[in-house]
Structure formats: structure tokens, C-alpha cells
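Structures incoming, each one as C-alpha cells.
The two complexes that follow have chain A in common; it is paired with chain B in the first and with chain C in the second.
Up next, the complex of A and B:
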């Protein structure tokens, strides 16, 4: 493999995003809209004021946590499609604590966080056991459990946890105030939530880079059989990887209920589990690149409603931007591999 | 290299983009901006589109009125986006009125409205003003679909040959109970009056799927439920859900040679899916409601009130005046339509037994005494289905 210049490396890294912009420009031109104005709206909608920055920061929280968790399972060579269910499990455990325990905020809030992490870890444990004991591929285990978590949420919202005046798709009644994560001033940014997310990604970055455990995980990821022969208890490491990932994803679900919606809603996970998959792929499995990719996704999420509000464009365009990025990422990766072979 | 050129070009475009948006045109002084929040896509051919069209209509009727809207506000389509964020954006756009159009937005509307005490909010299909939960700057508006459901029920009675009418229900709550019951009352009265039938011989069965539309794995499948109803002997199927399964299934069975009919719901053009089986459609006409609300705000007459509009009886299909409508379907015979028109006239004059006693609830407890007329509140909070109806009340 020949060495490539740093400039080319960076260019290949941002190429998917650039290509997406080109494609989006073409779509906008066909739709008869001004592409410059449209991109400008997204950018200003995401960054023009401290309030907007706060919204972007909050949008980053669940993605950062899910992506951090997924770095762990990717390191162990696992395709953990079950992050979605782990987010939900964390949200369910948190909701149980928030609705059923009567305690002051100083006690209740830490408990909601712990419950969320425990719920997600438990869900991860299930996937891990099905994978290691049941010899079922983790993709099927994870996907199956995602559906179980969805059904469970709907059962709880339309059953035991339904509001006194009837169940609706808007979810449970709002949590008692003691279970609301505090926010900064009149903004929607919750400092504890942001700090937890930052801690999550930093800890995972450190674990994978510097710890023995990280090394063992990578060994498992490279070659499970060889790792086993070298004395690594691979089953244990795999289950552990799922549980650590579940803890982080569960924390994401927990914070969505206590810091964003302040109640449990039917699709609490909102697809973050799947989106995190894309984030991790786009960051090339490098923890230090994750925040940048997450920032890109979060900015589009926060900025794109303006396409509709100000330009009367269908705001699905935000989704097109996100999905297009992934598509072009795959194309560029193929291109990269070709370049390396030359 | 070419790729570098492209990179520079795009960065340049992006920078330009932010400059262009910085100088956006100033709003004209006459403008009145109102925000509309939709739960589904603005072009869903159903509930959300009806609202969108209503707002568009208001734009044409009130000079200077301009809608800003956001559709698909639900956590599946827009994870992490809350009503509060949307309202903030709309206010930044200059919105002087916010209309939230889904039952689901009820609790959030109250919370956000409390943060903007000087901004009028209207929540549609909620009753938080009645229950006292809503802050002073919130109003509820809704229209009496109950009447057009009764008309639909009458059409079912006029057409049925087996004497068995099915109702494809969504989830069970106050609204859906009273709508299904309204359909039953219209059906029973026309069965007696125009068909000379005995109410004992009329079967009216409600099957609930569990939500407003099909969610695989969560609700019952409306296609299956519709077929089950037909298999049980029903030959007219009324829809109470947001989507079109009732008329689709009826159409398929008609194509196989069965004599069946359907009555869709919500969207004025719903019969077009299969005109030959369609007896008619009760639908919402939000246009005049939006005009009324905007005018109230403009004239400084906006109030903390719960408004529940009657139809415009002189002409149910008057798009400027009637808040709910009934569109006759092609499957209705001429004689049937005459009877139906007669029933509508009587309904308009209050000469029918629509929510007039004696009337019992499904479990036999008395609901209205002989000759007693239900108040709006009694109808709004109907606690069970009515005696004579088949199907779950809770």
C-alpha cells in the first residue's frame, strides 16, 4: 500500500459530505428552490444563536452515547443492530423509576440515570447471551429484541402506564418535576445530559485506546478463534461488550425521557440506534472522529425544519442529506480501496 | 486537481449561502403570520391534509394572512424535535397565532402556551379548556362530526340488505365512543323510519383496531378486521379510522361478486378510491374554522373558550360555511338519497331522536330519561357505547 498525502486523506474523509451536497443541490434545483438559500437556512437554523447551539448540543447527546456504545461492539467485531432496543430498555427502566418512586430531585435524578444504564445493560446482556449461549447471530438477536422493546413500550403506554384520562400516542403523563433534568436558564440544554454524553465518548475513547480490556476486545474482533486459543475468554468479553454498549445506549434513552420529552413516548428511541450505526461507520470506527460526524447529523436535524417554515420545502430534505451522506460514504470507501490497491 | 477545485467551489457556495440568507426580504406591514403544526404529512389525503387545506383556504380569504407550517411532528419522523422548538421558530417567523392540530399535542400545547402568555394558541380536538387544564391563552375548536356520522349511519341503514352494519373503530376514547354511537343512532332511526324495521333486528357491531391507523405488530390489522366483519354477515362497513381499509376491502369483495358497501371517513374525496361501493363520506372542512379563528385574533376578540361548531344545515357541502360535510356516494340509489335528504332536514330541525331519551348505555344503565335531550357535555363525555350496539366500550 502506498502512503497517501494527509491532504488526500482529509479530502477522502469529507468527500461523502461534499458529494451529498452536490446531489442535494441538484435535487433542489429540480424542485425549483435556491440551493444556496436552502443550505444557508439549515446552517443558520442550527448555529445562529446560543439557543440554537443549545438545541444542537442536546441533539448530539443521544447520538454521541449510542455511537460510543457501538464503538465498543464494533471493536469486538460485532454487528450490534440492537442498540435501538437498548435505548428503549433504558427509557423504560427510567420511566418506571420516574413514575413510581417518590423522591426529591437530588435522589430521583441519579436513580433515573442508573436505572437507564441498568436497563440498557440488561438488554445488552440478553443479546450477548443469545449470541454466545444460543449461537444466534447478533444481528438477528438484536433486531428481534428491538421489536420486543417496541411492543413492550406500546403495551406499557396503552396499558399499565396510561394516563388517567385515556391512552394516546403522546405517551405517558409528564413525569413529576423532580424527574426533570435541570436545564440552563430558559434554554433547552441540560448540562448533566451533555456532560454525561461527553464523559461517555471520552471514557470509551480511553478504554479502546489505552486499556487492556480494549486490547482484548480488539483481539476478539480481529479473530475470535485465535483470541480464544490465546487464552481470552471470548464469550465473556462479547457479553461484556454488549452490556457496556447497552449501558451507554440505555443512558441515551434515559436522557431522552428526563431531559427532552419529560415522559415516555411510543417511539422514544427515534431511530438513534440505527443512525448511530451510520455515525460510527462514517467516523471510520475512530472515537475522535465521532463528535464531528455527530455534529453534522445534529445540525441537519435542528436546522432542517426551516426549509419548511421559511422556504415551504419538504423538510424530508434533511433526511435526504443524512442518507445521501451514508450512500456516498460507501461509494467513496470503495474508491479508497481501489486507490490503495493501485 | 479536479477534486480540489470541486472542494473549493462547494465551500465557496456554502459561505455564499449563509450570506444570501442573511439579507432576507423584510415582511410587509399588512401581513398576519399564523403557525400550523401537523402530526402527519401535509399531503396525507387524510386528517393532516384537511387541516393544511383549511389553512390554505384561510390564506385566500383573509388578505395578508400567511401560514407557516411544520408537518410530521412526531418522534418517529422528527426524533428530538419538540413542540416548544417549533413554536419558537414560528414566533421568530413572526407568527401571531399558533394552531396545533392533533389530539397528541394537547399536553405540550398547554406547557408551551404557558411560556408565551401573550400569544394565542388553538388546540384542535382537545378539551383542556373545558377541564380547566389549559392556560388562559389557549382555546379549543372542534366541529360536530357527530351529525355527519349520524347521516352516514342513516345511509348504511338505507342500503343494508342483511340488516347488519359494521363500524371499523380506531382506539377507544370519548371522541370515538361518541362518533360510533352517533352513527348507530342515525342507523337505528333510519332503519325504523324508512325501512320499517324493528331495532331488534338491526345488528350494529363496532370492532376497534387499537389506533387511528395500522401499526404492524401493535394494532389489529384493519384489513383483517374489515374482512372479519364482512364474514360475520355485515354488508355495510363504516370507517372510523384515518386510513382507507374499509372501502378498499369492500371494493375487493364487490369485485368478487358480493353485494357490499362502504362509508369512508375524514377526507372529502375518499369515495374516489372505489366509487361503486361508496355510499358517501362524512368529512371535516376546516377552512371556515381557520378563517373564524384568525379573524378573532385580528379583531382582538380571541378568547379562552371551547367552541364546538354545528354544521351549516342549509348546505352541508358549502365550503365557506359548513364546518363538517357529507358527500353523497355514487352507490346511493336515487330513492335512498331522497330518504337521506329527508333525514338530514329532520336532523337540522331537531325533529329526530338524535341523543334524545329514552336512551340507555350499553350495560343497561339509564343515560337519558324519556324526552330528555343530551347536553353537549353529556355527548362529549359519553361514558359507554349505547344499548343495542355490539363491541367494547372500554
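Up next, the complex of A and C:
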């Protein structure tokens, strides 16, 4: 690679954000809104009060967990579109434990966490087996199972788990108090949930950097064929990668039910599984960059509904900002690679 | 159309695939392009047909210099190439494939195309069913399809790259008849091959390439001796090598058969003793690679029995072979042997696998340093393997091999290496014989085969010759065997 001037490096580094802002500004101008006011609304909507900060923190929890999981599958060279379904599977397993088991919180809460992780891991196992035994591309396996998980959720909410006074789109009955993750004071922030998410990303960062397993995954991801020749059981590693990712995503789903909604709702995953793909791509597959990117995504997520309330703009502009940044990031990276090749 | 190459250069990394090639090909002839693997035939033809661009020099068509940015441009100039592997769309029908690349306008002209296809097939005696999917055809039929497709596009020059690999004898005769007809019609046919008999039967003129250079141009009738000499070069005197005592039989192959869609290797029986070195000669794609893969447990055998040190290993998985201390060093170092993107020390950590949860980076680092010192690799423990030169990749790969192997399988162990490196690598390899390691290796370098083998077997079109003692064989004899002739 040729050495480039530092100015150009910096320019290429911030280019994705600048380009996104330019694109968003253009959209806002077309919509007849003041771009600066709109961006200001998003920022204040995310950070103006402790209450908002708590919301941002809780939005970061599932994103951190899903992104940690996807770092594992990406390391193994896999496109795990099925994270969304793994989140749901974790939520379902947790709900089953929360609704069926009668136990004090000290027993029940750890069980809900374990159940969520097991549920997600099971969903990951399915994708892994379909990929390795059935030779079906993991993208299709994952996508298909996402729909299965959605259908299963609706069936359970409107069937076996329906509230005594009739099923509605608002989900199951609230869980018993013993299955509520404790929150800080009267805020919505749950310390155990936040700690679990932080632990998730730290452990994965550590394992991928220093463990024999992380090295094997990397080998499989870079060259499955050569890794096999070197004596790595590639199929086993691939299935395991899906299961570990599923475990973390399942934990995210579990915490969505016990710490956020305290019940199972039809769209329990909230699209966090898909959003985590963008997070991981934007972080350049580096675990240390994930928290910052997650903060950015969570802030937009929490801040953008303001646009609707205060400026009568559609809050999906937040999604445009998130996805646009990723798109421009990838474009600029492609451009960089071309520049360095020539 | 007259084709001229002037001082054509093409490098892949440090390998000069074409080295100042100058050559003139006249129209209305069938022109043979001979050479062993890696001689630069395919590269030259890919430049001509727009798949690759030359680094230097020029191509002239009827005196006008041209450069093609894509195969489509080459076809527009009347140059079409049939590749070694059919490049059609297997899921589409014969007619659809036939029409690919032809459409200028939006509307397809199925009827007209179907009539054209039928007419061309009839002319050459091909039996192509327009409605069958291309994937259901044999390799020979797919080649016929590709040929009529190019003709329909109006090409004046047809390049065929090893067209007789994997097709049946009747199909071959049909193809040859078609090519003769095309030459009569004034087209230029370039027939790329390593098979002497075919070039002798078909071509009016032959050009021989070796290591990227033109080493000779000959008119028919050809002298086989002369062609063999030009293709393989002179045989140098063999250096003495210390003999090693042979031990018990390590590997026993009983009537092995391996099949792929292109090639069948059948009736392979061979016994290999501890400390013995067996060279597998033959042009690439003659079956030796399939046999090596079968012996490494990577490819399933269709029938027969593989016995390793007395144990039946025929249908055992690859990991059992590793446990039985069989190692395979593939020719495609970066595709199959090592992991591009990972460092040397990461390879060491993977290969040695310490059984702990965490990688001991200090140990891996020390191991990598030892490997670098011992195998004289130019690199650092943190160098990513794709940044190493070919020779250093090969040294690294050999350095990663476990100690005390029972059977070592090597594909082209010194390909692309200079003389000194090759000599050094062989010294290391032969030293393993003291341990009772049996070595099987493939090579296209006759000197290497003769110098280092105890016995040599020659592959030709999927058949294996009887083993000959390396001490009694001459390079000329080997050259004949490789060219599919009996000496």
C-alpha cells in the first residue's frame, strides 16, 4: 500500500459521515424542513434528560449483544441474517420460563437469562446445521428461520400464551414481578441488563483476539478450504459460531422481555437483529469500535421520534441516517481499496 | 486474419508468464501451440481473446494494433476462445446459451437463432438438442455448443485451449473434422495442447513455448523427438543423492478408481515403502492430482482399497489420515495450503494447537521465529502469508508440517523456486526419509523427477504407467510417456 497524505486519510475517514449529512440535508430540504433544527431535535431527543439517557442505554443493550454475536459469525466468514430470529427465539424461551415457572426472583431471573441464551443457541444450531449438513447458504437459512420465529411468536401470543381475557396485539399478560429485571430507581435503565451487555462484548472481544477458538474461526472465515486442510473441523466451528452468536442474540431477546417490555409482544426483536448487521459493518468488524457505533445508532433510535412530535416529519429519517452512514462507509472503504491498489 | 504478437510481456507476481513473445500466425491454418504446463500458452491466448491484458508489447490483426478490454471486444474483432472448462450457463438451455452475447436489440430472435443453431450443428455433424439444459450435456457437447456459438457471432479466429481434455474419442474426431473444415473456410484455428499426437495429426504448423518464451516454430510433418526436446528442454546430469534404506510397506493402493465429471482415474495399484520417494509425472490434469487427493483422504475413491501401515483407510475421513500422520502440501499454496490474511505466527499457533483455551502468543511467536530461522523464510512472525513471495510461502508451508510423518504428499514442491531454493528444499525433504517417511510428489520438471525419485509413474489421460526405476529412465523416455506416446 502506498503512503498517502494524512490530510487525505482524515478526509476519507470523515467522508462517510459528511456524505450522510449532505444526503439527509437534501432529503430534509425537499421535505421543506430546516435541516439544522431537525438534527438538533434528534440530539436533544436522545441526550436532554437522564430519562432519555436511560432509554439510550437500554437501546444499546440488544445492539451490543447482537453485534457481539455477529462479530463471531463474521469472523467465521458467515452472513448471519438469522440474528433477528435468534433474538426472538431467546425471547420465546424466556417467556416460557417466566410464565410457567413459579419461583422467587433470585432463582427465576437467572433462569430466564439461561433460557434466553439456550433458545437463541438452539436457533443458531438450526441455521448451522442447515448450512453444514444441508449445504444451504446461511443467508437463506437465517432469513427463512426469521419468518418462522415471527410466525411462532404470533401463534404463541394468540394461542397457548394468550391472556385469559383474550389475545391482542399488545402481547401476553405482563410477567410476574419475580421475572422483572430490576431497574435503577424509577428510571427504565436496568443495571443487570447493561452489565450483561457490556460483559458480552468484552468477552467476545477477548475471545476473538486471544483464544485458540477465535483463531480457528478466523482461519475458517478467511479460507475454509485451507483451514480444513490444516486439521480444523470446519463444520463444527461453523455450527459453534452460529450457536455462540445465537446465545448472545437470545440473551438480547431475553432482556427485551424481562427488562424492557416485561411481557412478550409480537415484534419483540424490534428489528435490533437487522440493525446489528449495520453496526458491525460500520465498525469494520472490530469489537473495540462497536460500542461507539452502537451509541450512535441507539441515540438516533431514541432521538428521532422527536422529529414526528415536534416537526411533523416521519421518524424513519433516523433509519435513513443509520443506513446511509453504513452505505457511505462501505462506499468510501471500497474507494479507498481502489485507491490503494492503483 | 493474420495475427502478430510483438514483444508481448505478462507477469503474474514474480512469474513471467509471457516473456517478449513475438510470433506470426497465418489465416486459413490450424496452428498448434505446444508446451508443458506453465509454459505460457494459456496466458498468451487469454491476452489475444481479451480476458487479460498484456503488460507490454502489442497484438496486431492484419497489421493493425489492437488492445481488448474485454472478451466482448475481442469477439467483435472476430476472435473467440474456447476455454479448458466450458464457460456456459449450465442452468440455461442450449438455445439460450447459443443466443447469449449475440443480442444487440432488446427483442430476442428465438426462431432465427434456433434455425441458425440447427444449420450450424448440421454443417459439423453435431447433435445438439436446443431445449436441453447446457448442464445436462457432456463436456464434448458443451464444447460443440461453445464452438457454434462463437461461429454464429462471426469469429474469424478460434482459439481452443486443451480442447480434448475430458471428451470422448468420437467427439474428438468430430471436433477435429470441424476444425479442418473451418481452416478450409479461411478461419484461423489455434490449437493449444500438450499432446504431441494430436498436434501431429491436426496442425500444419506448431509453435513451442517454454517458460514464457518461444523456443521453436516447426512445419508439419513434425519430428516427435524434436518436439519433445523443445518442450522439455535438455536433461542435465543427475546429481547423486544419498540412498536411504527402505522399510516396510507404508501405503498400499489396490485397484483404486477416482472419478470426476472431467476425468476418470482407474486401476491404480501401487505399493510404497517407508523411506521411498515416488515421482508422479504427467501433464497437469492427467490424474495425478486426483490420486494424491485420494491418498490424503481429501477425495473419495469410487472403488478399490487404500491401506496405510496395514489399516484399511479407504472410507475414513480426512481427520483419520491426519492422525495416521499423512500430510498433504497442495500446489495452490494460498488457496488450499495457507490462510491469506493470517500471520505466520497465527499459522504456527493453528498448526501446533496447544490444547488450551487461549493462544500463547509468546510460544507462537517463538515457534514462528524458529520456523523463519530454520527454513530461511524472508519475513517476520507477524508477516501475513500473502505478503510472502512464492518461495517463502513454500518454505513456510513445509515448516508448518508436523514432525515424524508416515506419508508426505507434495504437489509441485519446488514450482516457481530458484535452483538453490529447490536444492535446499529437497535436502530437507529427503532428510525425512531417515524417519521412515514415504514421499509421493507430482512435478512437471523431468529433472526433478529423475533426480529425487526412487521410482516414477507417469499419468496420461487418467491412466497410470507401470512404475519405472528413476535410475534407469531417461528424460526422453519420460517425455514420450507424458506426451501419451510409448517410447
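One rule holds in what follows: the second predicted complex is superposed on the first by the 330 of 342 C-alpha atoms of A that agree within 3 Å, B and C clash if a C-alpha of one lies under 4 Å from a C-alpha of the other, contacts with A are read in each partner's own complex, and residues count from 1 in each chain.
Keep this in mind: a contact is a pair of C-beta atoms (placed from the backbone, for glycine too) under 8 Å apart; a residue touches a chain by one contact, two chains touch by 3 or more.
The structure displayed is predicted, hence computed values, not measured ones.
Overlaying on chain A: chain B and chain C, fit or clash?
fit
Looking at the overlay, does A:212 come into contact with chain B only (first), chain C only (second), both, or neither?
The second partner, chain C, only.
Classify the contacts of A:6 with the two partner chains as first (chain B alone), second (chain C alone), both, or neither.
neither
When the two structures are overlaid on chain A, which partner does A:169 contact: first (chain B), second (chain C), both, or neither?
first
Which partner does A:44 contact after superposing on A: first (chain B), second (chain C), both, neither?
Once the two structures are laid over each other on A, A:44 reaches chain B alone.
After superposing on the shared chain, does chain C or chain B touch more chain A residues?
Higher number of touched chain A residues: B.
Given the touch rule stated above, what does A:229 touch, chain B (first), chain C (second), both, or neither?
It touches chain C, and chain B stays clear.
Upon superposition of the two complexes, what minimum C-alpha distance (Å) separates chain B from chain C?
In the combined three-chain model, chain B comes within 30 Å of chain C at the C-alpha level.
Please name which positions on chain C make contact with chain A in the complex.
Residues 298, 318-319, 322, 328, 330, 335-342, 346-347, 349-351, 353-354, 356-359, 361, 400 of chain C touch chain A in their complex.
Quick one: in the complex, what on chain A touches chain C?
210-216, 218-219, 222-223, 225-233
Can you name the residues of chain B that touch chain A in the complex?
Residues 3-4, 6-7, 10, 13-14, 16-22, 24, 68-72, 74-76, 78-82, 84-86, 88-90, 93, 103-108, 111, 171-174, 210-212, 215, 217-218.
Give every residue of chain A touching chain B within the complex, in rising order.
The touching residues are 11, 14-15, 18, 21-22, 25, 34-41, 43-45, 51, 55, 58-59, 62, 147, 150-151, 154, 158, 166-170, 173-174, 188, 256, 260-261, 265-272, 301-302, 305-306, 308-310, 315.
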